[in-house]
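Letters A, B, C and D name the chains as they come in the text, with residue numbers starting at 1 for each one.
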Amino acid sequence: MNRYLVATAGLSLLGLSVTACGASPSSSSTAPRAITVGTLYSGSGAFATSSQPQLAGLKFWISQENSKGGVYVGAYHKRIHVKLVTYNDQSSATTAATLYTQLITQNKVNVLVSDFGSVLTAPAVTIAQEHHQLLFDPTGTGTVFFTPGNKYIVLTALPTSGIWPAPLVQFLLAQHISKVAILYDSNDFDASQAATVDSGLKAGGVTPVYYQAVPSATASYGTLIQSIKATNPGAVLEFGYPPNDIAFLQALRSSGVHFPMVFTAFPGQLHQLLESNVGQAGLSYTYSYGFPPQLAYNTVNEGLGTSAFVQAFAPTDPASVNFLDIAGYQTGLVIQAALRHASSLSQLALRNAVASVSGSLNTIDGSFKIDSQGGQVGELLPVSQLFPSGSTTKIQMVYPPASATHSAVYPAP
Amino acid sequence: MAEPLLLVSDLTKNFGRFCALDGVGLDLGAGEVVGLVGPNGSGKTTLINVVSGLYPPTRGTVTLAGRPVHGGAPHTVVRSGMNRTFQIAKPLGGLTVEENLRLAGASAGHRPLPEGDLLQLVGLSGLQGRVAGSLNASQQKRLDLARALATGPRVLLVDELGAGLSPAELDQAAGILRQLAEAGMALLVVEHLMGFLAKVTRAVVVLNAGRQIFRGDLDQAVQDPEVVRVFLGG
Amino acid sequence: MPAAGFVVANAFYPNQQELVMMMVYLALAQGINVIYGFTGYLPFGYVGFFGAGAYGLALSVLYLHVPAGVGLLFAVLAAVAVAALLFPLLRLEGVYFAIASLAAAEALYEVISNPSLAAVTKGPYGINLVSAYNANASFVAAVALVAVSMGIVVYLRTSRLGLALRAIRSDAVSAEFAGINVVQRRTVAWLLSAAMAGAAGGTFAWYTSTFYPGAVFDSSISIFAIVFALFGGVGTTWGPALGAVVLFGVYNAVGISQPQYFQLIYGVLIVLLVLFLPGGLGSLVQRLAPRWRRLRRTPGRGPEALPGVGGPDG
Amino acid sequence: MLLEYAIVAGLLFGVFYAYLALGLNLIFGVLRIVNLAHGDLVMLGSYLAFELYYAWHWSPLLAIVVAVVPCILVGGALYLGVAPRLARAQDPEMMSLVLFFGISQVIEAIAAFGFTSNERSVSANALGSHPVGILGQAYPVTWVVVAAASVPVLLILFAYLGRTRLGRATRAVMASPDEAAAVGINVRMVSALTFGVGVALAVGAGSLAVFMLGGVTPTEGVSITILSFAVIVVGGLGNPLGTVVGGLVLGLAFQLTLTFLPNWASLVPYVLLLAVVLTRPTGVLSRARRLA
């Protein structure tokens, strides 16, 4: 028996030492040599297409600040170089949990930023709370993350799913559409969107004629479209992730079924991806949310305006800039404002600094405003419609009137 | 004769439309040895498989010392005191010889023979440490017999023990069976080798196409027209 | 002994999350050892018990307001209940059993994560046990999990039940004729293996405290546990434990430093493992051991490891 | 109305599912190897069709034919490399499960490098421009063309198995490799060829799958493999004809639940697989092998 003991003990130590990484210098009273920002990204898997541009936007902000000698830290009245630490969670929430802990306990990052979307943000919420680390959450909008007891989270680039769909509800009511069909994927993000629209419509006296959840892995929508057609709705809202929106719009086009209004969430956010998969015919006259950069904000008091950002971020191919690039950059701007106003680098000081700028920060992503639970209540996204232009489609804001750049065409031709 | 140890009555077994056993009856008293002979496919092995509990009978009963055992899983039959050997020995390959016997002994219903004597009886002493899978064919057959005996059976169904053994080993095997019978064990011996069978018992039952066509002394059997026709064809 | 190893490791390696995951996988690998190493059944849907355990703890904490420690009992009960429900699977052989258990685990996932059951299981919207979160207590639970799972395997290797299981694995028919109630013994191993996965699931749920159904029913968890057990060598006491510690260590090291190559390296590792080391590390150590023992000229016992891995028959 | 639509849709999908799963069944039936990388081969087929369509505007239907020869060569070589070692393992069937899981991980990793994880799809007008009317209802042109393309492939394979010398040899090896060897069939080469044909079927199905499964991503392999398993287990492991039945059963069950119980649609393959495997352990049509 004993020869095994030696082998196991030796190997397990080897196994452990291999994984031990050097811990970065802990923050002390004198100014740290660098501000470390830690985040995760998905190198592969379902969320890769959205996660990587978000990281690119954050990296762009860091390079901008480092080119000016680092980010200005109010507590030390000087600019400090920003170091970025990233790990690849391969779109898996379980792996992400291990890596978030790695960022906090091993790399001891000053600023923690979560990966794209609710699924990959969920593990970060409790881990950050338990380690008393403030979590900058760019796009994880699940309503369950924002609870009175948790001070350690700030939603930076998107409104919480609880209020985000408000403009869409008002648009439907304004168009007096009495029969609305809602098809949503059973995951955190889509379910809370659908629930918010459902309650908003009922408050306006409209009860959806079709309200159905389908598994997130659904890929064949042909039969579902027939069931929806049977209720002959005035508007069809499909809440999914990019693969679902693509499959839905493709099935809609190839089945020859026509609805007066079709809404999906991601064309506004990942225009090029949807365009390449669904094509002009499938996207024309469909509705989506209006996202920057199509939703332009050029009068800003923090960071670059929309046109300046697009030129600086992708000078050679401005059309390729999508909302997630801006979400990453926007998160950087919130960190920048927090570091400027914070009295120290402690996490609670950062949280208070973010609260102090809330309501007065106008950026490329709109006016930044958070509630007491860290949820984003500003940056409301208008309803947009895609119009054919040349061989592709162009996104125009159609509601609310204040940010409209084109009048809505209902019913769709 | 005292109440029979093993009583098989009207035992029938069909596999789909094929009738392998058709109303076979049999009884064995303590210490009694009966040979079971018949051409290939006459139902000899099926009889052992059904009596030992490997297959449930379609009809008929098997009672052991007055208690019915038919339809029960083999381990219930073993625990009530009856075991069998296999035509092709199937020892527990992954275990050592000693482990094979320790396991069988542990689940015995009756007082099993001590391991040392058992190994000595079947001629495997000294091989306790060997993994059963690494034994040669005849050693595996002996281990199979030892495994059956380790459960302390009062009735043993022996399926072609003689097959593949050398003349010397045949004598040895016959000696073992006689020794078991003298100790009071009832034996049903399925065999093709009449010479080997004659060394163990005079009483035979002849099966053909699932039916018992003769029971009695070996000498009479060879003159019985029906048996002759079945074996030699006529 | 390995349990103590982990306590020591925690002292100087603060990423507790990774250590807990390593301990969870060690228990799962030993669970595979119990069911595959001892009875020859390879459950490709082993994660079903893991997920059942995670939800057993989560729902008992959320609805019955039991402390998480007690929740672990509910985790084991939930997994054992699922195993009992899946008894008929034991009638199947080899490939059918592997694939059927995979389908059973996926079916269980679809039921638990279904929105129409959200009122009971929170459906696809995930579980949030922040109230029960206690990193140190759950770490201790993980260490206990390792100790218990190692203990179960040691018990099996030395007890009559273990011997009976190995007999069943060699030949179920002749095991029956050695007086072993094959169905009953196989069921005990099945329930024991499910209980171990359930406890591992409960410990994971308690430690991470927020998870989506997809995280605890991820089919790669079954595959990881199987590969860790095979890499270490099934049928032995230390094999699967060794496999879990070494392979999970490599998994994390590679996963953190060069993630994009991770899946490629991992796939190639599995292919090489099956082609060149089917018996796992155990068989390697076993092949080296005789030479080593001859050097030390001490009387060695029979080879501990089974010669390779056997399939169920009978 | 909805019912007829679901039934016709079910049959169209069913024929496609049969083609999708046929390669997996052939490889298991003849070689007793469980190819867990089957779904990933289908995914490669989809990418092949995508590249051929966008690079040279070849129709995906052409991609099926183009893929046959290279797949047979690659598949055969892979088999000859792997089989001898696999046969030596004590438990070949289980080892093939784990081995091909490893291979599926390698394929997935390489696909993720080569094609990034962005969703790729081929526009429907690669197959036709407007919906097809069946029994008074309009069906997507892609469904009809894919089903129509699957039928000849199934017929060709059954003809190959039924009437050609190699086909009969394959069926002999499927029945019993030893007896096949005894009558002078070169079992190694027939097995290698069969494995190649299995791979060609999977890759070929991929070029149609890109339409039926809403595009292709590197990670879709696992779900396709499980779906294919449900088809062949329902139809009978090792029985090519059974796969057609299995495909139709799956197609109908899936479309009907999508119509009437959408919430529970993804439960269908698993429930069917479990139901069949527990009642008829070797599948609906499979030869009732007497279990010892």
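Everything that follows uses one rule, which is that a residue touches a chain if its C-beta (ideal position, glycine included) is under 8 Å from a C-beta of that chain, and two chains touch if they have at least 3 such contacts.
The structure displayed is predicted, hence computed values, not measured ones.
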Query = What shortest step count links subunit B and subunit C in the network of chain contacts?
reply = 1
Task = Go through the assembly and pull out the chains touching subunit C as well as subunit D.
result = A
Inquiry  = Taking each chain's centre as the mean of its CA atoms, which one is most distant from subunit C?
reply    = B
Request  = Would you mind checking which chain's mean C-alpha position lies nearest the centre of all protein C-alpha atoms?
outcome  = C
Message = Contact counts by the stated rule: is the higher one at A-C or A-D?
response = A-C
Ask   = For subunit A and subunit D, what's the span in angstrom between their mean Cα positions?
value = 37
Query = Where the centres are mean C-alpha positions, what is the separation of subunit B from subunit D, in Å?
reply = 50
Ask   = Between subunit A and subunit B, what's the gap in Å when you average each chain's C-alpha atoms?
value = 76
Ask   = Of all the residues in subunit C, which ones touch at least 2 other chains?
value = 110, 114-116, 173, 260, 263, 307, 310
Ask   = On subunit D, where are the residues touching two or more other chains?
value = 109, 112, 263, 266
Residues of subunit A whose C-beta touches two or more other chains = 43-44, 186, 213, 215
Ask   = Which chains touch, pair by pair?
value = A-C, A-D, B-C, C-D
Task = Can you check the complex and tell me which residues of subunit D touch subunit A?
result = 1-2, 5-6, 9, 13, 109, 112, 116-121, 123-124, 130-131, 138-143, 212-215, 217-219, 223, 254-255, 258-259, 262-263, 265-266
In the complex with subunit D, residue positions of subunit A that touch it = 42-46, 48-49, 186, 212-215, 217-224, 226-227, 230, 242-243, 246-247, 250-251, 253-257, 273, 277, 279
Request  = Can you check the complex and tell me which residues of subunit C touch subunit B?
outcome  = 160, 163-164, 166-167, 169-171, 173-183, 302, 306-307, 310
Remark   = Given the complex, residues on subunit C that touch subunit A span 1-2, 5, 9, 12-18, 21-22, 110, 113-116, 123-126, 128, 130, 133, 135, 208-212, 214-215, 218, 237-238, 241-242, 245-246, 248-250, 252-253, 255-256, 259-260, 262-263, 285, 289, 292
Residues of subunit B that touch subunit C when the two form their complex = 52, 54, 73-75, 78-79, 83-84, 86, 90-96, 99-100, 102-104, 106-109, 129, 131-133, 144, 147-148, 150-151
